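Notes for the one structure printed next.
Order of writing sets the labels: A, B, C and D. Residues in every chain begin at 1.
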Amino acid sequence: MKKEIRGVVPPVVTPLTENHDFDRESYAKLIEHLISGGVDGLFVLGSSSEVVFSTDRRRDEILKAAVEFAKGRVPVLAGVIDTETNRVKEHIKRAADLGVDAVVATAPFYALQTMTEVERHFRLLAEASPVPVWAYDIPVCVHTKLPGDLLLRLGKEGVLAGVKDSSGDDVAFRQLCLDNKDAGHPLSLLTGHEVVVDGAYLSGADGSVPGLGNVDPAGYVRQWQAFQAGDWAKVREEQDRLARLMRIVNVKGVGGFGAGIGSFKTALWLLGIFASNTMPEPVTALSGENVEHVRGVLREVGLLP
Amino acid sequence: MKKEIRGVVPPVVTPLTENHDFDRESYAKLIEHLISGGVDGLFVLGSSSEVVFSTDRRRDEILKAAVEFAKGRVPVLAGVIDTETNRVKEHIKRAADLGVDAVVATAPFYALQTMTEVERHFRLLAEASPVPVWAYDIPVCVHTKLPGDLLLRLGKEGVLAGVKDSSGDDVAFRQLCLDNKDAGHPLSLLTGHEVVVDGAYLSGADGSVPGLGNVDPAGYVRQWQAFQAGDWAKVREEQDRLARLMRIVNVKGVGGFGAGIGSFKTALWLLGIFASNTMPEPVTALSGENVEHVRGVLREVGLLP
Amino acid sequence: MKKEIRGVVPPVVTPLTENHDFDRESYAKLIEHLISGGVDGLFVLGSSSEVVFSTDRRRDEILKAAVEFAKGRVPVLAGVIDTETNRVKEHIKRAADLGVDAVVATAPFYALQTMTEVERHFRLLAEASPVPVWAYDIPVCVHTKLPGDLLLRLGKEGVLAGVKDSSGDDVAFRQLCLDNKDAGHPLSLLTGHEVVVDGAYLSGADGSVPGLGNVDPAGYVRQWQAFQAGDWAKVREEQDRLARLMRIVNVKGVGGFGAGIGSFKTALWLLGIFASNTMPEPVTALSGENVEHVRGVLREVGLLP
Amino acid sequence: MKKEIRGVVPPVVTPLTENHDFDRESYAKLIEHLISGGVDGLFVLGSSSEVVFSTDRRRDEILKAAVEFAKGRVPVLAGVIDTETNRVKEHIKRAADLGVDAVVATAPFYALQTMTEVERHFRLLAEASPVPVWAYDIPVCVHTKLPGDLLLRLGKEGVLAGVKDSSGDDVAFRQLCLDNKDAGHPLSLLTGHEVVVDGAYLSGADGSVPGLGNVDPAGYVRQWQAFQAGDWAKVREEQDRLARLMRIVNVKGVGGFGAGIGSFKTALWLLGIFASNTMPEPVTALSGENVEHVRGVLREVGLLP
């Protein structure tokens, strides 16, 4: 399965009960929703999965359930997000033991460092990992942008199998796609920018990791199929529709994670897939007119009657 | 001409003699290069035109020459970049007197402000301007991102005629394009991101302002025409070629403006359009192996034999 | 007068009439207020003087008046704030012609650059200037922090006569003071941090440039005299009082320059020194409860009965 | 012991063997070095203690050893640094079980949030904690500045017992000290800025948490005693000496944590307190001329013969 991960790989949102327990039943429904929607893989314990809000025990619960519910139908990538090398290595060991197909690690964060340490970090992770290692480029969270030449070098040496790009730097992504192609395509390159996936496909992306794909996996799958067929008008049309759906995040008085994942969870709840839109502490769930806002957008794009 | 500016509108680079005088002769050649390449307009005194390096006298020299050399064949937009309202208003008056078709202003910069002042700034500029006012969204220089809802509101009220988007925020740009379309298209929306113009066209851009278009205007014009014809494979192929050309900026030991505009000027010099690659003080021109690097890339993409 | 500027050198706020004209009469009163308060110099056309809001004509009006009203009793330093070298050189020429004792320049801003250009910028300014050049370290406005080793090197070579430090980086300032002392004190080092001037004196500052010194020059002068006398309890006590006075800036619904300089102007108006608290476009003056807030603080610290 | 923690409370650096094991023997020597130097408390598992590099098992080893070696002679504060509420609560439980006197938590990090979540985070931590909770204000690592009014409110309500300020925002710290005094001193306020501790004492700090205090605890203790005695000349003189000692961090080719903590560990090694200057992965230890640089500075300030 190494390096073959491509297509639509949504970062799976984590349902909680109103008591803040992990809601296995809703999770099973979400994974069926995604796989029946046609997705090509599952990215579990990424930022959207509330990985940094989850204790190690919770992380294990989620991973176990994901592998169990996926039943080998699609590959499972596991986020192993933590501050520095030794802590990440522990997550890798547990994730691999639980049977995931690849792990996804960010640059180290919290402590200040230089690219020397970032590179050494990924090399140490790959040495220790029994499964392929992907880099997660997410400067908005870790405050380090992974340079294209570093990623490509680590790809050519077999240290990295792929990149999940949530950098928002579409110029760097375009150049990385070109360089990767010239080098024989050592890296799988997936974009996390759900509102401009069509542009990423033009740039040469091997697929997408759209958080919004939790809500409408079939839309992203149709878009991917249109891209494979060279039907750009359809690629674009789906993207415009999905961009309108993305307006669920425009809630009032709430920002950041609470608005983004909060609206995804609320949509899944309104769609009957989640039993609750509970958020992890210290974030509170959307309520009142913000729920109505999400409902209104879902109706507008035809996901609710 | 109001609001009709669309297509390829390169930000015209400014040639200097080795003595740091304005090189009118090279400028005439560049403008012929652009217009004969098929561009739809000229953006003069933008960031790429070294506007902030130019004294008021130099700005006037450049504007006068641009209007003279354009001979009415394409519209001329003039950057009126300065720190705050009253200084910008002076530039607007001079630019309008010199016969430009529109002016392009950034958010105020240097002093800290809130969106209240940014909005008032644009309203005061529009009141004072005899020609249409465009907003220039360039947070990397002015450290303020213009919010989409502000731009749209000012567009609907007739305060702004268009936006030159150099924000790098492709998600915001996509949403602005959709909102603008829904509102009856009050704004012309041009992207400044020369490496991902194809993605901006998917998003709904009305054209592009590519700095790299100084070097290869015909490439961007072919891309625009392919877009108009719905030939996305061609749009994308041109973009990949232009992304490769963009590698002229990957020079060593030089960064920022000196690398970006420095390599554009060096390319124009090597192409025989500029008599020198002189840069404005305190920046020094590319030399030695950096010049050879630019030459190598020009050969690789077929612009030099 | 070279390099001898020390003590309390307030950045002089600029009064405007309600019609946005320069209010010479109020300006004369302010300068008398400052000089009779015992200040050691005047810093005109700094950030607090609304330099970036002022047209070149307005800048000349202000400088002329400052030199005229100061009558040689204290040195006048003039800000020559503009984006890049050639524009700054024009301001230097005009300021020197108008008779100022020194000029104060920031790093270049708006265009991206490296330290190579920043260093060259200051060297070119010094070559062109008939009066001593000071560096103005204000990263919050220009987004470049001037490194201590660069400042010291330029000081030792005679390129720079002093530094106005508004960096907020007290650690770097401490090390610069020590290095400057070790090198024979080539630079005059003034702090712009009006709320922690006492700490800067401990660090070895040669004086201060307190915006709040417009409102209470005598307070800062008493503090300086206490410092000269080694009476640290008094230095600290004045600072605590001045920190309480600084709470005039805690206004509601207004931020940045509008809150900071807005409250200084409002205080000067309430103290009878300014005829109006008018702000430069696009900023609006404080009003209503914000004016009452300023009045309340002035009463609390004993500046109003 | 609640709220009484004041004076010099160094953040204790963690020694590693060359095999990257925790070096208990060196740690015992360091703690004796600190306590015999006269410090008033120990801050364990802060940023300087490489907390984010340490697995949970390693964190426990360190805390256990700290409590054991301190023998109740001074209070032990424990950092409980992790991304979000539930993970931090687990660290609090373990730290309290191991017998620490207080815990120190940062704002949540990695996921984007607003002040609503930051406030709720601290409230939830305090509810769950059997020992007093301190706030750790370190925006350079967590990218959130804790506002003074939030800290004061939480102090007045008994949610927070104190603040370790590593914000570098000396203006905000001064105002917080004044407000805290006016409110009856609910918070203990310690500064982490080892190079300007004297200024923080002028501002009203209740003590310091100097990383450099690992190397020269006696210096910081003499400074504190001079402050208690009102001998400001002595306070300042010690600070100047300590600022010169801080130049151990000016190593070449190494930055961030590797330079800062790397030079502290190297100094402790050269002083015979640590058996090695090994750094946690992925950081490498200082070597070659960088070690000689540290040795040179130690000699210069008289800590080595």
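By our rule, contacts are C-beta pairs under 8 Å (C-beta built on N, C-alpha and C of every residue); 3 or more make two chains touch, one makes a residue touch a chain.
These numbers come from a predicted model, not from an experiment.
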Chain B and chain A - chains in contact with each: none
Shortest contact path, chain A to chain C, counted in steps: 2
Chain at maximum distance from chain A, centres defined as averaged CA atoms: C
Centroid distance [mean C-alpha coordinates] between chain C and chain B, Å: 36
Chain centre separation in whole Å, for chain D relative to chain B (CA means): 49
Multi-partner residues of chain D (each touching 2 or more other chains): none
Arrangement of touching chains [line / ring / star / complete / other]: ring
Chain-to-chain touches, reported pairwise for every pair that qualifies: A-B, A-D, B-C, C-D
Residue ranges of chain D in contact with chain A within the complex: 47, 50, 52-56, 58, 81, 83-87, 90, 108-114, 116-118, 120-121, 124, 140-143, 254-258, 280-284
Residues of chain D defined as touching chain C within the complex: 168-171, 174-175, 178, 193, 195-196, 198-200, 202-204, 230, 232-233, 235-236, 239-240, 243-244, 246-247
